[in-house]
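Shared between the two complexes below is chain A, which pairs with chain B and chain C, respectively.
Now for the complex of A and B:
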């Protein structure tokens, strides 16, 4: 009896927060779904008739959509490769005993503390600017023509900026994983005749597999929705060269005031994120099993 | 072949000298045990021989070749670690094959050696499992298997049994001893457990604070310990030390009597005391006997079952021929 009572009481007690959370999540989702089937443009107030899948057809047949998908995948993939490979490299260096380790570690982590808009602006104005930027100055000193990063290679530049932001995260997780490796295993491998490279390849890297999986999964979630960096640097351009799915949805709904198509784009983005998640779990999820 | 010579080998970490210059000769095929309390430098000494630590001074020679500056892999030594140090992401077969893969030994030769090692160590059924799926004893055997296939000049064991439970430890002790008889390869074994040292060793090296206190066969150490430390360390339960008048009347500063060299009687004897704790093991009985004017009890072993209990008065008589006498500096007279 007592347990039944307390269980019922517990349910009643937690109900408000559960309901609130559910509403918080479900209401916007359902409203997005609902809007995606309406002709709903803020520039044309009045009736919002039900139009079926018209918004979806419009969004999916938009030439910008394909570019956006490709850009999204390139952005996610590029940043993942750079941060994982770079993270392993930096973590390996930081794992070496050296003077001033504590200070160096804090400095390595610091990019993570800078908010995305600020870091993207710093990169845009202080490094990549073709007139005043540091890179332009270096090019000038070397006697070369300045390279206009955000115009000539907008997506690659954004990948660079985002990688710079996320490298600390990857480094931190991989460094902790590296430090949890039993040093006797490395010594055993050394006695077994493994060279430094063989020790890295056969012992350290497999030990890092789980941490790499965590890094890839968490980063993918955040990288699929990169927005601020694009907004403050290239505005998705030139043309649609650096538009990803998130930015396309923003452009539809807030630049063209087309709520219906924007909502349809949001639903497409949710589906795409789920597809990516399923593939990721298939590919590397088994690493998470003990 | 595995003849290892240490010549004035010395090791310091910064300003702290862990091992003062030390000489040691290990003959081919010998089972040598380094024993001592924790922190005595026995593991460091083993790691110096393995090459996992660099010597600060002195020379190590393996089979007549200078090995001081050789990397660990080139010294032809195999080591079994306390934590076994198996590679968790590889199957047992791959674990055992790893050193051969690194040495570039052909596949068929690898397979032959793995089968051989698996047979010797009873691992044939487990070759495709991961280390995480094995029991402590099996992991231990995999670690030994990984050492065997390298066909090393000598095996180094760093407290290999300390992670096993008591029953398994006795079993593995026998297995390692048998393995040594079969392979007839030099083995160096580090332990803090003097029972392991006594049961397995051809030669025991007793270490304290980096110094070699005594080197000898188990029975040599038992019969003629060179000083108080060795006398107290070797033998279980430990030797009783008595100083004062009983010692000076025998021409010594301290005398030592092992528990098994004292006769117990309830009527007459040399020393009269009171039974404190009595431990009845069936085969033996251990008494802790208290004396007036003495803080520590004296431990006595009586064979079989003896019906003395707490508070009884008891008489002890030492076997005069087996009393160990030590001078002021704690050295044997």
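Now for the complex of A and C:
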């Protein structure tokens, strides 16, 4: 039984984590909020007058903002669809009896451990490069013209690269969930004459619902903040064709040194992330309680 | 009981699975192979796979030209350092929440999870300015601090899910046998907690090693870990595929191997214990 004494001790043990995290969250957050109401550019020293919502009006009416929002949604949505569908397919495959499961698993999960800058640069140069890339060579062999992926379809190319990085994660989690499925249930269904498709659709997929929710939630958190892959492949371009919200705020803050606008953008990013978070937490809450 | 599967079906599964797995793994394989080629072979048309003159020249060049091991060391110091500090802060917290859960425990845990949803870009500006004013830009100390904080919620959560599985009854049994609090912790709790702590350590080093938002924005030549160093290859001059591959291979190899050993923990850790 927990005594009064141990409760007090517990509080002391939890305190450092909570205080540090609270400070880590609140201090920069309040600063961002404060800066977002100032005219503040690092290249123009001097007074930083209070300008009300001017930075917000400027940021939100910038055509780049709308592009960035659309790109962010396409990037997150595209990668989620590819990794969840692909993950279910690959996990189903790995769940079958075969030789060399261990080695196959190791190969499949490996991309997850590759740092973002490496995977982006490897794909950009050694695969997608229109002159020396492997894809250009394949196109050549097939008698097609080489395609300049990162110039002609920058966002789709980045979606491809990021999907490659996250497919292993989805696969691994879905596979783990699949293996916890009671095989007797499947056998019983099979004996009753249910087809492979019916067994997948009515038994396996519902069983995976919770794992899929978890995959969507966790990937969304990370995918909203995709940055390195864009920085090293396209720098958000051509124009703003592959700029997402994270990259746009980075560009305002650290490329144009516009602290005011960058902060306003940061606040907008936080608000949007919170909307997504509330929606997702509710979804996962429902799923986890069940 | 699993039924025997016809060999023909098993062979078909094996073939399909291997093809898919090799396709997924291919970019990594190709990078490793290219790192042993000369620059001319690296862009040869048609591409060569294994029948070329293998050379270690690229590894030597990468080290000589850019002091590669400085960045490698930065990665080690930053990822291991931030993980150890994170563990030191998180172990007591997770311990207390698992063994002395109060009414607020669940809320505190959910709140910690919610801090992970704060987009880093939302606090980029103030953090950059604080770092600039305090002389923390491009220092290992600064980066260790940031990575400790961004991974702390994951560390607490992971440890919590492991500690929660240690049966509380065993403590009472030890106490009945006259164990002091100290021997209770040393001989009963610690041995049971070690595997969980080890998995958390492993997964966090992986996450910190690959973190590429703060490392790119808060470092330059001095404290840059491999994530930031590799990014300098994005504006290449002349032939560089083989050297990029050599630098990349060294950057991903240690973590890839650690990752292979931590598959199970990865699922548990990254899903906050929701999928096991």
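The definition used in the following text is that the second predicted complex is superposed on the first by the 266 of 290 C-alpha atoms of A that agree within 3 Å, B and C clash if a C-alpha of one lies under 4 Å from a C-alpha of the other, contacts with A are read in each partner's own complex, and residues count from 1 in each chain.
Just so it is clear, a contact is a pair of C-beta atoms (placed from the backbone, for glycine too) under 8 Å apart; a residue touches a chain by one contact, two chains touch by 3 or more.
In this text, all values refer to a predicted model and were calculated from it rather than measured experimentally.
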Superposition on chain A - do chain B and chain C clash or fit: fit
Which of chain B and chain C A:207 touches, first, second, both or neither: first
Touched partner set for A:82, first chain B, second chain C, both or neither: neither
Which superposed partner A:159 touches (first chain B, second chain C, both, neither): neither
Partner chain in contact with A:194 - chain B first, chain C second, else both or neither: first
Touching partner for A:173 - first (chain B), second (chain C), both, neither: second
Touching partner for A:182 - first (chain B), second (chain C), both, neither: first
Touching partner for A:68 - first (chain B), second (chain C), both, neither: neither
Comparing the two partners chain B and chain C, which touches a greater set of residues in chain A: C
First, second, both or neither for A:90, with chain B first and chain C second: second
Minimal inter-chain CA distance - chain C and chain B, angstrom: 5
Chain B and chain C contact sites that coincide on chain A, given as residue numbers: 187
List of chain A residues in touch with chain B within their complex: 182, 184-185, 187-195, 198, 202-203, 206-207, 209
Chain C - residues contacting chain A, complex: 2-3, 5, 9-10, 13-14, 16-18, 20-22, 24-25, 27-28, 30-31, 34, 43, 45-47, 89-90, 92-93, 95-97, 99-100, 102, 108, 110, 112, 114-130, 149, 152-153, 156, 206, 209-210, 212-213, 216-217, 226-228, 230-231, 233-234, 236, 241, 244-245, 248, 251-252, 255-256, 258-260, 263-264, 266-267, 270-271, 274-276
Contact set on chain A toward chain C in their complex: 2, 6-7, 9-11, 13-14, 16-18, 20-21, 24-25, 27-29, 31-32, 35, 90, 93-94, 96-100, 103-119, 121-127, 132, 134, 137, 140-141, 164, 167-169, 172-173, 176-177, 180, 183, 187, 210-211, 214, 218, 221, 224-225, 227-228, 231-233, 245-246, 249-250, 253-254, 259, 262-263, 265-267, 269-270, 273-274, 276-277, 281, 284, 288
Interface residues, chain B side, partner chain A - complex: 50-52, 71-73, 77-79, 81-83, 85-90, 98-99, 102-103, 146, 150
